[in-house]
Every structure is written in structure tokens, then in C-alpha cells.
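Paired with chain B in one complex and with chain C in the other, chain A is shared by the two complexes that follow.
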Partner chain A sequence: MDTQPIISLSDVSKRFPVGDGEFTALKNINLSFQKAEFAGLVGPSGSGKTTLLNIIGSLDSPSEGKAVVMGKSISALSHRESALLRNHHIGFIFQIYNLLPVYTVFENVEFALLLQNRSADERKKAVMEALDWVGLSSMAHKRPDKLSGGEGQRVAIARAMVKRPAILLADEPTANLDAENAHIVLKMMKKLNKELDTTFLFSTHDEKVMKYLDRIVHLRDGKVEEDEIITTQQAAS
Partner chain B sequence: MKLAFQLAYKNLIGAGLRTWLNVAVLSFCFVIIIFFNGMMDGWNEQAKRDTIAWEYGNGHVLNDKYDPFDPFSLQDGHGQIPADAAHLTPILIQQGTIYPDGRMVSVALKGIDASQTSLELPTQALRESDAEIPAIIGTRMAASNKLEKGAEVLLRWRDKNGTFDAANITIVDIFENNVGSTDNGQVWISIEDLWKMTGMTGEATLMVAGKEYVHKELEGWHFESQKALLSDIDKIISTKKASSGVLYMLLLAIALLAIFDTQVLSIFRRQKEIGTYVSLGMTRRQVVGLFTVEGAMYSIFAMVVGCIYGIPLFIYLAKTGIAMPQASQDMGVALAEKIFPVYGIQLVIGTIILVVIAATIVSFMPARKIAKMDPVAALKGKLQ
Partner chain C sequence: MIRFLLKGILRDRSRSILPIIIISIGVMLTVALSGYMRGAFGDMIDQNARFSTGHVKIMSKAYAENQDQIPNDLALLGIGEMVEGLQQDYPDVEWVPRIRFGGLLDVPDESGNTRAQGPAAGMALDLLSPSSTEIERMNIDKSIVSGRVPQNPGEAIIGDEFARKLELSLGDVFTYFGTTMEGSMTFKSFTVVGTIRFGSIGMDKGMVIVDVSDAQMMLDMEDGAGEVLGFLKGGVYKDEVAVEMATAFNARYEGDEDEYAPEMFPLKAQNNLEGLLEYGETMSGLFVFIFVLAMSVVLWNTGLLGGLRRYNEFGIRLALGEAKHQIYRSMILEATIIGIIGSIVGTLIGLGLSYYMQVVGIDISEMITESSMIMPTVIRSKITPELFYIGFIPGVLAMVFGNMLAGRGIYKRETAKLFKELEV
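Right after this comes the complex of A and B.
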């Protein structure tokens, strides 16, 4: 674990213009994450979890400091470079799934691969495999509006994982799920984390999620309050 | 680019009714534009064909002093028919007055070689009749003066010295044709009769060229080729096209507005989708491209849909013709009771290119906004 971190944040601050002034959402964040970590940003609403995930995911950039993801400085990326980074190496999972409504489950999962110009055979194989990971192979031709919440989020996981990204960012992935589905989804993600060595980074304030995490970064008012490593014993329980 | 087409196709099909409404309006545009222009082109062809058959022949040889656009030039605009005028049908034009029902009506009195075959005027009726002065007129002339076949009517004219003379003419035939300028206000008699009546023996105002006519310089006369004569019809038709163009441009504008509106609305409503595209690795420019292709694709769908109902309609109309209202028959250009529209490949392709480009532009304009969108705000659906 002492190799180059896959995500490294040094003195990252983020300010948003609000009215005449500015609002500081993140203050001097220093964090790094290694490959295959299963970590979470935990804190009350408004503590800056989503903002931090968006910066790591290159959807946003820091106002100050340096965010380096897979060896690339986020602020220095062009639109095209950051799109490529997301397309190949970063998967997103959102609270409300964000499935594309007019596409079937298969097409939703296939999307990132289409952008990568992969062949139809390759795509089909990868999509079916990803749907298999989340146990939805039989739903490939359904439309998102025909799925239950738990199924929807599983499709979102398959869509994020189909390209075998190095990093998966999950912003409150269980907030819209009942306890049973939350556990199903979390178990799937933990399994994928082990099998594919994907680095998972959550944002959450859900107790259920915390039980699965190997590391919890507590955020409050845009600052790291505590960085807690959970021992294997605890995490497995 | 191919990807944009695939995705745009799925998005449009997925959007269902909204797509088909736009497509319906736009396809209607296609069909109307092609219909109108096809009708104009058909009219143009028919007008040229009829005008050649009834008036222009293979061109006109005009007396230098005669100006067809100046009736006063009739006074002096005539001269002796040249001796070597082969394959030319002489016409002498004089002004006259007829008195049907006691009314006074000015007419152009046209003497024509009764044995001519260059024009479709039924001049043999003039030869076959044993009336004193046989005359033929067109249906419009007959209708406006309530003249029937066999009717006699008093005609007054001036001879070459300017002295008034009068006699009864007999309408021996009423011909049907589409060329107003051989009909309205025209009385056709044999040129030999007119020579006798005016004392202008051997003279003509103009001569109509026959098929075998080969132009050579004639002193005191000049030649207007068939093509030159027809260019006026082209001009009139293109003016009419432009004025009906206003109508279909309005229709097109409505259709384009519908697309524009759909685009603006869908960019607003699909923010989360746009954010998702970006999170999945599309650049914002690619998303702009996708939305533009979506809009442009309306026009492609419209083309297909337009073909489905347009082609049978066009084939039917080209076969059966379109009846023209009586009122529009005096428009200065030969207008048949029925027009058979002509749909040229140029017209169809030109229309397609016009509509596709226009639809692409109105789709692109609102879509440009996406390039400036903050993907985070888009994902939250928070943009105004």
C-alpha cells in the first residue's frame, strides 16, 4: 500500500460565489487514497462531501490547492482530457441513479463503451458481464421506469463498473433505498471492490454504509475532522 | 458523429409524441414547398408550351417601328413583307372598335395568313367561311362580349389614311386556349381581308417564325427568338414563385420555431441527462453535437414521413392535374384550367437541403448553451 496514491489532494479549497461574496465549501483538504480502498466521506448535509467528489471526478476543479487523480492534476486538464479520464477511469453513482430514461437497461450500461468506440461484440460481452455482477441479466431489455429503486441503483452500478474504472465515486448511493436494498447494493460494491481492485469513494451519512467502509473521512464545514481507518475485523462484522 | 446519430435516433424515438408532432409539421413543410414549386414549374412549362403553340411559334420577326409594349406604335409599326420571308406567318395588327349590344369595345384587330400552320389558331375557319368578313375570337373574348358562334357584330376601324370605316364581321369560330394575349380583346381575321379594309396590302406588323425558319437579317425588321420571348414568362413565374414563397417560408418558420422551442425546452428539462452524459465521459461539445443532430434529425424523419404521404399525392396530382380557379385565368401568363405539376429532382433535393440546413441551424443555436453549462449544476438540475 505504499505505492503512489491513486487520488491525492493537497490543500484543496473550493469557494463558490454567493451573492456579493463567496462561500467556502472546502478548506485546505489534505487527503490521499490508495488503489482498491473502500472509503467514505461522512458528514452532515452541507459539509462538502459532494463538492469533494465532484472535484475528484473532474466535474469541478479546486479553487486552490492541487487535486491529482491517476497522476493527473485536475485543474490542468482540458475538457477533452477530463472527459477521457471520466470515460475510461472514473465511474459515478448518484443518489437518484440518473439512468437515461429512453434507453434500455442494456443501452444505459453500454453507454460508456459506445463512447470508447468498442466493437459491438466486445460491448455486448462486457455489458452482460456487468449486469451479471449486479444480478440483472434478465432485465437487459427493460426501460428504467419499469425498475424498482434497488434495481435502478444496481443498473447504475453496472453502468459505472462496465468499463472497469480505477475509481468509483458514489454520492449518497443508498439515500433513496430501503434497508434491504441498501445492503444488497453495498454487498455488491464491496464484492466488486475486492474482485476488480476498484477504488471506491462514497459520500454518505447513512449508518448502514459506514459499516461496510474500511476508512471513514469525517468532514465538517468543509474541513477534515477525522480520518479513521477501520480494522479488517470491524469492517467485516 | 456516428455515435451522435445513434444516440439522437434513440432519444427522438424515445421522446415519442413530441417528436412526431415536430416531424408532422416539418413534413407538411416539405410537401407544401415541393407542391407549390412543382405547381409553378408545371405552370411555367405549360405556359411556355401553350404560348409557343398559340403566340410565339419559333420566334417573332418584328417591324423595327413596332413595340409590342406600346399600343401607339401600331400606327406606324408595320411595313411591307420582305420578298424573301420564308417560313414566316405575317400578322398585321390594327386598332378597331366593336359594338356588341350597343356597347363600345376597343379591340386589337389582327389579320393573319389564313392558311398558316405555325400557330394553333384555327385560321382555316376563316378560309372555309363565306361570310363577308369572317372572324375568330377566343372564349374569354366571346364571354366578355357575349358573342356566340355565328354572331355578327359591327366593327369600326381606320384605313391607312386615317379615315373611319365600318362593316359587320361574323364570328365563325370561337377557340379555346390558355393564352390570354391571343384572346382577350383580340379579333382575328384573314390578313387579306384586313389588307383590303385598310389598304395596307402586303404589309405586316410582325411575322411568326415557323419550324423551318432560319434567321437572316431583314432590313427594317428584327428577330426576337423564342427563347427571348419566353424569358418574360420565366420572369413572371419566378415573381409568382417568390410571392407564394412568402407563404411557405412562413410555414417553414413555424416548423423551425417548433423545433427551436422543443430544443430550448429539452435543454432545460434534460439538464440531469446532460450532466449524466458528461459524467459518463462525453465532452460538453459532444453533447452540443448530440442535441444539434437530434434537431436536424427531425428534418430527416420529416423527409421520410413526407415521402410516405407526399409521393403518392404528387404522383396523383402530376397525373390528374390541379384545377385552377376561373378567376385566375387572366394573369398575363398562359394559365390552363388544369395545371400538371412538375417535380424536378433539383426542386426535391433543393428543398431537402434547405429544410435540413435550416433545422440544423435552429437546433444548434439553443444547444450552444450546453457548452457553457456547469456539469455539476446540470446534474443537480439547478440551471435556469
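Right after this comes the complex of A and C.
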């Protein structure tokens, strides 16, 4: 197994200007995540979960410290290089599925590959495979407004996974799902984590999600309160 | 990617319909108005060329200076030889002598006393030579209201309105009273063989047309003519050719002190047509400028609204790894596609309107009853090759320009806020 961490955070702090002063969202975070981890950032609102996801997702950069993702120092990346890193190595799943309403399920999933200039044949094969993973191949030509909430989130997972990213960042992915759909989605993600060796990193305070995690990083007031490794027996498979 | 964008444009009506409508209307107006102006100015220039100025016109220097007074005493002489020489020097130009004259028309009653009288504007053309193209050029055949074209010396055609005013009928005789080129009094009788309506108020109110040989005899202008008009073959006025020809011709007589020496004038140097041509071009340019400006402002706002509506979409695309410049580029590409569609629709509608206006036209005769200008009474559009792109290019540019302004907002978007923004 490759021991080089896929995500490495050293003394990462993040401050935001507020009025005349500053608000510190993250304080000296030291964390690393290995390939194929299924981990979660857990904590109350304002604990710094989303800020940390932003930095790992190269959507923001730390005020201090060093964040290295896929061997790239986030602070040193230009906007274009950040976009390239996201395009090739990082997938995102949001609380709301945010599918593009005018495009079909197939086209929504295909979009990520269009940005990589892949051939039509390659795209078709990859999209159908991704829809297969989430069990929605039969809905490829439907529009998002014809899907249920659970189906919408599964399409979002397919869209995030179709480019086979090394890292998948999910911000409260089950917040808008009922219990049954939440379990379906989480099982699916767990399966993809095992099959594709993708590192899943959640930001959540949902108990249902926590049951599936192999590692839980508890955050409070921008600091790591506890870094908990869950044993295989504890975590739901 | 273009296919992907096209699907979005076609499926998301609110993204495409409003801009397409705006562009179509703007392009349609530009095309239709340009076509109408080109037609109106073109007709005016064409009528002036046919009736008065030719594409180039040769007069004696002195005649040219006082041409408003029709000073036939300063007319050119030795016309036969001159025209022959001109035909050889300029084989691509057709040269025709013309004599304009003014005088009094007297209509006698059965006993020979004056029944009616009126001032007349006479024009003498080559009507009787078998090789003459003047009848066709002046469209006399089609403009005849009653009767026929003169076929013999001593025959005349007269403005239909003028004939009605003088109560002249076909076969009636009238007598022309005027002065010869030497200044002595002259009179000659003509038989009315036709009445004519050119559709130009200035001419229809008092025009008499006779053969040039009759006029030469009547005005004592043997082998003379007030003006020699040149028409470029093909019938289309080409300013550069006309100006170049006139410059070269006049250079031969530069420094010649003889007031009877000939001088050539291109069309635009006569009857204030240069101003008219420039006015036409300025107006066309102004239309296009106003159109681009107004459309750009409207489309800028439409683009801003579109940007707000698609805020989430752009956020998702940023998160998926599309760079800001790529999104901006795709917006411009979309704008170009929408601009092209709108411009095609607008151009087609504009051309359709222009075609209708070319066939039907607008009758302005009621508005210019007192006018003495040589201008058509029915203003028609003219479809020219320029109409195919005069609205099209500005239409696309306005859409692209408007979206370039609106799209700058994408560069102000903070990716750090994406997660928060995409939760709502």
C-alpha cells in the first residue's frame, strides 16, 4: 500500500476578515489522509468543516501552514492549476444535488469528462459505467426534474465519480434525503470507495453518515478535537 | 463542447428566446431601414442620372457655370464629332446629346386663337435614331399613359398632368414659343402623340419631350447640344470610375481659357448629389451604430440577468474543475451562437420586408405635390448584397459585446464560497 498521504495538512490556519478584525475558522490543523480512506469531518456549525473541505478541494487556500493535495501545495496553485486539480483529481458532492436542469442525466454526468476533452466513445463508456455504479443506467435520458431526491443524489455521485477522482469531497450529502435513501447512497459510496480506492471525505453531523465512516475527525472551534479511527467491526459495511 | 452548449441553448428557452427576439428585431430593423434608404437614395440618384446628370456629363465651362438658367447660347457645338471621339476614347460609356429648353406652350382653339397657355420645361432626346437607347433608358415606353413614342419629326410627348391642365388630347397641336441659341425668338408647332408620367412630380407637371433634331432646328443649334451625358455600360453608377474619367478628361483642357471648352462632371458633383450620397452613407452608418449600441446595452442587461439565473450552474461548473476563463469563453461562444441565430432570423425577416417594399413601395406623391425635385413618387426598398451582412455582423457583435460585459462577473466569483452558495 502506498504510504504517502494523498492529503496532508500541516499547521493549517484560515482567517477571514470580519469588519475591522478577523475571524479564525481553522487553527493549526495537522491532518493527513491516505488513499482509499472513508473519513468524515464532524462537528457543529462553525467548527470549520466546510472551510477545511474548501482548502482540500483547492477552492480556497490556507492563511498559514501548508496544505498538500495529490502532491500539490494548494497555496502555490494558480486559479487555472486549482481548476485543473479539481477537474482531474477531486470530485464534489453537495447537500443539494445541483444537477444542470436542461441536460439529461447522461449529459450531466458527461459534463465532467467534456472538460477533460475525452473522445465521445470514451465518454459514453465512462458515463454508462458510472450510471451502472449508482443503478441508474435506465434513467440516462431523463431530465433531473423527473428524478426523486435519492436518484438525484445518486446522479450527483455518478457525476463526481465518472472521472475516477482520487478524492471525493461530500458536504452533508444526506441532508436532504430520507433515512432509506441516505442508507442507499452511503452504501453506494462505501462500495465505490472499496472498488475504486477513492478517498471519501465527508463534512457532516448526520449520525447516519457517521455509522459508515472508517475515521472521524471531530472539529470544534476550528481545531481538531479528536481524530478517531473506527475499527472494521464498528463501521457498517 | 459546442454541441453541449447548443443543447443548452435550444432547451433553455429563457436563455435563448429573449436575446434571439431582441437581436432579430434589431437586425430586421437595420436590414429593412438600410434597404429602404438604399432604395430611396438609389432611386433618387438613378432618376437624376437618367433625367439630368448622366453618370458623367459634359458641358461647356460657361454653360456649366450657369446651368440652372439653361443657357443654350453657351451650348457645345460640333456634337457629332465630339460624341464619335468620346465613343472611341471611352468604349465602356454610352454618350448621348441632350438639349434642355424652357419656353411657353400655346394651345390654339379651332379658330387659331389661344385656348390655353403654360410654361414648359422641354427636353430633347434622341428619339428617332434606330440605334438610340434613350427610350429604354428613360423608360418612356412604360411611362406612356396614352398614345405612343414620337416616330416622326414634329411629334412630341407631354406630361400627362400637364396635358390635362392644358386640356390637350392626342393629335392636338401646340406651339412652342422661346428663344434660339442666338437669342432671337422662335416658335414651332408639335403634334401631341403621347402623354407620359415618369412618377416624378418635378417632371410630370410641365415636361415636354421632343426629338433632339427638332430641338436643334427650333433653337438654331445645328450639330449642337447643351449637354452630352455619359452612361456607364451596365447602367450602374460607379463613383470611382466616373471621377477618374472626369479628372482625366478635364486634365486635357486644363488652362484652356476658352469658355466653350468642354468640362466633364461626375454624377455626384451635380445637383448636390454628393451631399445626398454622403447623407445616405452617414444615415446608414448611424443606424448601424445606434443599433449596435442599443442592442449591446439591452443584451448586456439580458446577460446580467442570465448570469444571475445561472448562478448555480456556473458554481457547479467551477467546482467540477472548469476554470473561470473557460466558463467566460463558453458564455461568449453561446452568445456567438445565439447572435448568429438571431441575426439569421432578423436578416431573413428584414430581407422579406425589403422585398415587399421593393415590389410595393410607399407612395409619397401626396406629400410632394409642390416639389420640383427630380425624385420618385413611390419610394421603394432595394435589396443589395450589403443587406445580407449589414445587420448580421452588428447583430452578432452586439450579442457578443453585451455578454462580454455581463460575463466579467464570473471573474469576481469566489470559489471559497461555492459550498455555501450551492446549499441554497
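Rule of thumb we're sticking to: the second predicted complex is superposed on the first by the 233 of 237 C-alpha atoms of A that agree within 3 Å, B and C clash if a C-alpha of one lies under 4 Å from a C-alpha of the other, contacts with A are read in each partner's own complex, and residues count from 1 in each chain.
Just so we're on the same page, a residue touches a chain if its C-beta (ideal position, glycine included) is under 8 Å from a C-beta of that chain, and two chains touch if they have at least 3 such contacts.
The structure displayed is predicted, hence computed values, not measured ones.
Undergrad: Look at where chain B and chain C land on chain A after superposing the complexes, then choose clash or fit.
TA: On the shared chain A, the partners clash.
Undergrad: For A:212, is the partner it touches chain B (first), chain C (second), both, or none of the two (neither)?
TA: A:212: touches no partner chain.
Undergrad: Would you check which partner chain A:133 touches, where first means chain B only, second means chain C only, and both and neither mean what they say?
TA: neither
Undergrad: So, A:54: does it touch chain B (first), chain C (second), both, or neither?
TA: The answer is both, since A:54 touches chain B and chain C.
Undergrad: Look at A:102 in the shared chain and tell me whether it touches chain B only, chain C only, both, or neither; answer first, second, both or neither.
TA: In the superposition, A:102 contacts both chain B and chain C.
Undergrad: Please indicate which partner A:33 is in contact with in the superposed arrangement: first for chain B, second for chain C, both, or neither.
TA: After superposition on chain A, A:33 lies in contact with neither partner.
Undergrad: On the superposed three-chain arrangement, identify whether chain B or chain C touches more chain A residues.
TA: C
Undergrad: Looking at chain A, which of its residues have contacts with both chain B and chain C?
TA: After superposing on chain A, chain A residues 54, 57, 59-60, 79-80, 83-84, 86-88, 92, 94, 98, 100, 102-103, 107, 111-112, 114-115, 159 contact both chain B and chain C.
Undergrad: Can you tell me which positions in chain A touch chain B when the two form their complex?
TA: The contact residues of chain A facing chain B are 54, 57, 59-60, 79-80, 83-84, 86-88, 92, 94, 98, 100-103, 107, 111-112, 114-117, 159.
Undergrad: Within their complex, state which residues of chain C touch chain A.
TA: Within the complex, chain C contacts chain A at residues 1, 4, 7-8, 11-12, 15, 312-313, 315-326, 415-416, 418-420, 422-424.
Undergrad: Which positions of chain B touch chain A when the two form their complex?
TA: Where chain B meets chain A, its residues are 3, 6-7, 10-11, 13-15, 272-273, 275-276, 278-286, 374-376, 379.
Undergrad: Which positions of chain A touch chain C when the two form their complex?
TA: Result: residues 50, 53-54, 57, 59-60, 79-80, 82-88, 90, 92, 94-96, 98, 100, 102-103, 107, 110-112, 114-115, 159, 171-172 of chain A touch chain C.
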